[in-house]
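Step one of this worksheet: look at the structure below.
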């Protein structure tokens, strides 16, 4: 049974709707709701909800926290998945690539262009892909999204096509 | 076959998500998406998309437009349904009650506390109820929502309980 | 707060899938799953799961049980909803009409052409309509389905159009 | 842009419900419905609907047809996905392994324990995984299902746990 650590940090994928004020914001993690819809007999998931922010509001301190938790998680995990906002995913991924460089297990970022709470969200697809990459790929730092696995460095969001690409 | 006119005006029920800027706003009607999920063999629906606004942004001119279209629709409809934002539904309903008073067919407002595009939206329930009231009730001006039919005057939103009540 | 008794008897609406043998059958009630998706602040539901059968397999004893429970429920309920298979709904409805005739509260049958467990089921629509009729209509024995409320006697399934009609 | 050939053969994943007779059977492919829910900017899919059968009803002729089409598809595809019933997937996979042995591209079987048309189906997860494996893995003959990628030979259905395992 493989051990996978899931680090949640907010972002579009985790935004939820507040019926009192009509706002869409990061208040809680939605990862366990997605997990409940999937059949995952071969893995054990350990979830850390670390940050609840739109990734445009993340600062260097937030990224250092993610780096620290990823480093610790590497010691006990067969893979690490990081749920992250897409707008600055590139910055956090680049930091991990620079600081960790050769991780001892796959570290896989994912997120979504549309929050999980929406019917037509890409969140379930992307989380399914990140979990599958977690058991398939060599150690490295990646984005899994939209049927693509992209390895850092050189990964960035294509803001016109709303997906990730390699430079 | 009963003829039902559906007037859409925006509001929470019709808010949609823009993946480019992350905003939730009124750009188009979602009524036909709900209609496509329902079995309605006994009615014929004529849809008018009139306003695309959060109801907090509606002004007197908007309400006059709704009043005019409802008046015209009465001449050819067995019932009228108005999709409306919940925050000022009370104002538009009160205007129609004051100006039309004794309509020749049921005029039924509905809306939602959570946009239709969300998995856990109350939009489908409320539209199903409004369509059912349209074939069941006597002429009058009503809100159909959350398994309740409330007749104007004296209908208002309970902002703590997020539902409509009679004063 | 109105008191509604829900009597479940199986039928297509309640069929569930067994992954071991690939069969679709009546093993349990799905009513509470539908209830959990609806907003029903004005009613209190008391649920009795009485029979778990395809309605083609119901016999006179089954129909007598439904009649007895409906009779008892009338004493403490503001309305009664009966989930029933569509193939013999007409028989059970006719029995109740003949034996009870003038009920003290609305007794509303509903069901579905496609089991609730399917994405495109009409179950949620029909249950929403039955619950709404429960708070709106005069005492009587009805079917609520597909945006129609039909009063016994003379209600039957249109097997070509897959909906209920009045003779 | 990678070219992926999808061969559909029926099985549980593709069973659909007939409202006239209440039967669940293989009448058409559901693959394009799943495809419409996924974001797949990096691939081009060529779909062949070959067989419409519960895999317990497949015979040697059916398996030879699948083998022939897979052989042809290898010449123009970067990967092949085969939707197949789980009960005899092992037999078809073993045939392809024996006859093709070292394919020129990944050949990935998938299916589901619950038909796609059901709300709680594992079909979307499994197809997402098969499509992701199609762009990630080395040539070989595999099953992708439930967050596992299993290579033939020695793959079989665990009928107690309702998933695939390696002997």
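Chains here go by letter, A, B, C and D, matching the order in which they are written, and residues are numbered from 1 within each.
We take it that contacts are C-beta pairs under 8 Å (C-beta built on N, C-alpha and C of every residue); 3 or more make two chains touch, one makes a residue touch a chain.
All values derive from a computational prediction rather than experimental measurement.
Homomeric contact subunit B/subunit C is classed as same-residue, with over half of its interface positions used by both copies.
A centroid comparison over C-alpha atoms places B as the chain most distant from subunit D. Centroid to centroid, with C-alpha atoms defining each point, subunit A and subunit C lie 45 Å apart. Rounded to whole angstrom, the centroid-to-centroid distance between subunit A and subunit D, based on C-alpha atoms, equals 28 Å. Taken residue by residue, subunit D touches two or more other chains at 113, 120, whereas all remaining positions touch fewer. Interchain contacts (touch definition given at top) occur between A-B, A-D, B-C, C-D. Those residues of subunit A whose C-beta lies close enough to touch subunit B in the complex are 12, 17, 19-20, 22, 24, 54, 113-115, 117-120, 159, 162.
The residues of subunit C lying in touch with subunit B in their complex are 37-43, 113, 120, 122, 124-125, 128-129, 131-133, 135-137, 144, 146-149, 161, 163.
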